[in-house]
């Protein structure tokens, strides 16, 4: 019974579907937060969740169950049957960039709060159109 | 016009819009799965055999797509600069006395965290990890000191010197590559493939990753310190 | 000479600032300006010598990243270096009396803006474009929040939030490209993009459109732009309007021409551009803040450029390039003038212009507004004329009509501003400009007049540029086959 | 085994992310957000990307959480949203 369940979930197309549905649901959660939350930190949090979702989607789509991580060692002596390293490098870059922008945003939010005492995105309207 | 809506309407409409978008995207993604093709990464894997680096991700990050990494360093540099600019004018906040356990534990943990960070940084071309991860681990060691000792402060001149040194040497390594092998960030050091797996292998790659590690470590330490707000920027 | 210096030298400058600081108070300022002059001369030299050149970084394309220099990208690089150089000269005049706080950081940021704009234009790799997109973005966020007033911080926050959202969608699109085509190189994408299933093509186009749409300030996605322009200092607005947006526009259409030429997307882009122009000009009528007025005017011009470039033929592209040059020069002039006015009068309301006592600035503002409007004998006319001609040639009479209506609306608020300029009000004391500032204005004005009266001097080069912009075959061959 | 791990990790990540987004109290939301990062680390590890997993661990759930907590300290946010 459990064996059968395990085998079912190990199939190629099931893993694909899991990755697609799972990461898009996570993306949805982030997007939902972006549209409904009002606190600035919550908004940054929502965008971070969206970022994590697309990173998971990318790595998961490229991932091949039968291949290994792209590192020699543990008996691997040649660069064959390994997962594609480019997505890993791209995500590495994107994670660091995302964190940098996010830290900057938080520092803007702190400074804005110090000056005006506001953290609600709806209240940020110094320049309301007349 | 009044855009103020009550929370329930806002939640439901947000839910509906987000769901619509995601369902559309998901529909297309499920319809058209990732094709089974030869990607650029597979060709790069074949090429990494020639450059004497055991971790293929490192050789992609630092060498094949090294220019992205330079850009990434620039982003981090600008972010640290911006955070310093934003949070510099504040007075030092008074720091609560940290408790005894934290003080004693930090004394033991700090050298270990630093050692681990430096290890991750230097062995980036042989095992998972590298400059970014190592740099951030080092910065977290600094963070431990910052929260456990009220009198501790990141020495600004040292950090600034390290950062400048690392940044300049990264660009200069690139320019030397341009002059020697006519490719920006090209590998101009001799690298012997038989040395693969040794600490000194892979030509210019470990060198760059260590430089990246120093740069990331110092930038992150500055960011952390600025956020804890005991900053005394120039 | 290699095109990599355009990016490497500003980065080197940024990293080396603590060292340069040791050479006295003016060390950083002079080093920055000197470097920009050097880059301008390099661009001039490259314009004279090279036609198609590819600069390899690390490994050969299509696997590695490379910079492609052709007439089109070189034209933009030249424009950016020229404008940035003039901007620095203006700032050198300003800093004697009224320098920015923590000036070194300001110099680093403007050089990063320059490097990333040039990188966007030159790069031939999608993920590399994303990295430059982020560098340009993050420097721009900090520049808009630079003065740390509530308004500036609000501008910075709005810019940053939209930028973060844009980059999420952009990176999603790039990932889909890599998953389905197995490459990031624009040349390979150009060859294989049409093999994708229709739905996937639409999804990728949509994601890239959302990603870039925020940054090129196109209609449904430009709600944040005017707030950012109002909140940040007008000195910095001149950079946004003249350089950053133009780089994003170039790279957006570069990708469109290469990957999805003559797609189902083109009419949509055309209409978006036209609607964008009309909407911006109508809203601009009600504004009373000078920065806001010219922000809307920028949105309008961007809409026009967007519409022209989406016609995808070389005559239209030439028209688009003419408008880009004329608009960048004119907007630089206007925003620099507003900077001087703001420093003197501490206000940017339209009514402030009544108190302006500076015949020199008055002439400059009127000249640039006439050029933006498209009055003959000024640079704007050539571009607008060619644009209207190419709309007529392609049979897009609706768009043609919309643009004429929008230009008429535009003229109304320009006349309002001009009226305020010449109205007899209570004049303040004379506004003084330093020599370097005056010479910057004169250079820009001469550029406008020369472009307008003697367009044939440049039209040859711009024709070449537009041809090489639409000549995707040479681009692909250069990256794929031209190398050992 | 792989499939089951992926299934449960995704479920956990989504649940934690949703809870963190709708959470009324900010400190709770931040701690839950750290859980999102940790779940992502497990997933990256299963997807044979140890480098990314290490980066996500130190940056995504380490430094990001720290930044949030520091921001919270400065914002002294009203805890009822």
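For reference, chains read A, B, C and D in written order, and residue numbers begin at 1 within each chain.
Convention: a contact is a pair of C-beta atoms (placed from the backbone, for glycine too) under 8 Å apart; a residue touches a chain by one contact, two chains touch by 3 or more.
Remember, it's a predicted structure, so these values are computed and weren't measured experimentally.
Here B-D and B-C were compared by C-beta pairs in contact; the pair with more is B-C.
The greatest centre-to-centre gap from subunit B, using C-alpha centroids, is found for C.
Computed centre separation for the pair subunit C/subunit D is 38 angstrom, with centres defined by C-alpha atoms. For this pair, subunit B with subunit D, the centres built from the Cα atoms lie 18 Å apart. Subunit B and subunit C have CA centres that are 30 Å apart.
Subunit A and subunit B, compared by their mean Cα positions, are separated by 16 Å. Multi-chain contact residues of subunit C (touching two or more other chains): 127, 131, 134, 138, 141-142, 145, 148, 178-179, 184. Within subunit D, contacts with two or more other chains are made by residues 49-51, 55, 59, 63, 67, 70-71, 74. Multi-chain contact residues of subunit B, defined as those touching 2 or more other chains: 25, 34, 39-41, 44, 55, 57, 65, 68, 71-72, 75, 78-79, 82, 86, 128, 132, 227. Interchain contacts (touch definition given at top) occur between A-B, A-C, A-D, B-C, B-D.
Every residue of subunit B that touches subunit A in the complex is listed here, in rising order: 4, 10-11, 13-15, 17-19, 21-22, 25-26, 29-30, 33-34, 39-42, 44-46, 48-49, 54-57, 59-61, 65, 68-69, 71-72, 75-76, 78-80, 82-83, 86-87, 90, 126-128, 132, 196-197, 216, 223, 226-227. Considering their complex, residues 127, 130-131, 134, 137-138, 141-142, 145, 148-151, 153-154, 156-158, 160-161, 163-165, 167-168, 171-172, 175, 178-179, 184, 227, 230-231, 286, 288 of subunit C touch subunit A. Per the touch definition, subunit B reaches subunit D in the complex via residues 55, 57-58, 120, 128-130, 132-133, 136-137, 139-140, 143, 220, 224, 227-229. Those residues of subunit B that touch subunit C in the complex are listed here as 25, 28, 31-32, 34-35, 37-41, 43-44, 47, 63-68, 70-72, 74-75, 77-79, 81-82, 84-86, 88-89, 160-161, 163-164, 167-168, 170-172, 174-175, 178, 182-187, 233-234. Taken in their complex, subunit A has these residues touching subunit B: 13, 16-17, 20-21, 24-25, 27-28, 31-32, 35-36, 61-62, 69-73, 78-80, 82, 84-90, 92-93, 96-97, 100-101, 103-104, 106-108, 110-111, 114, 122.
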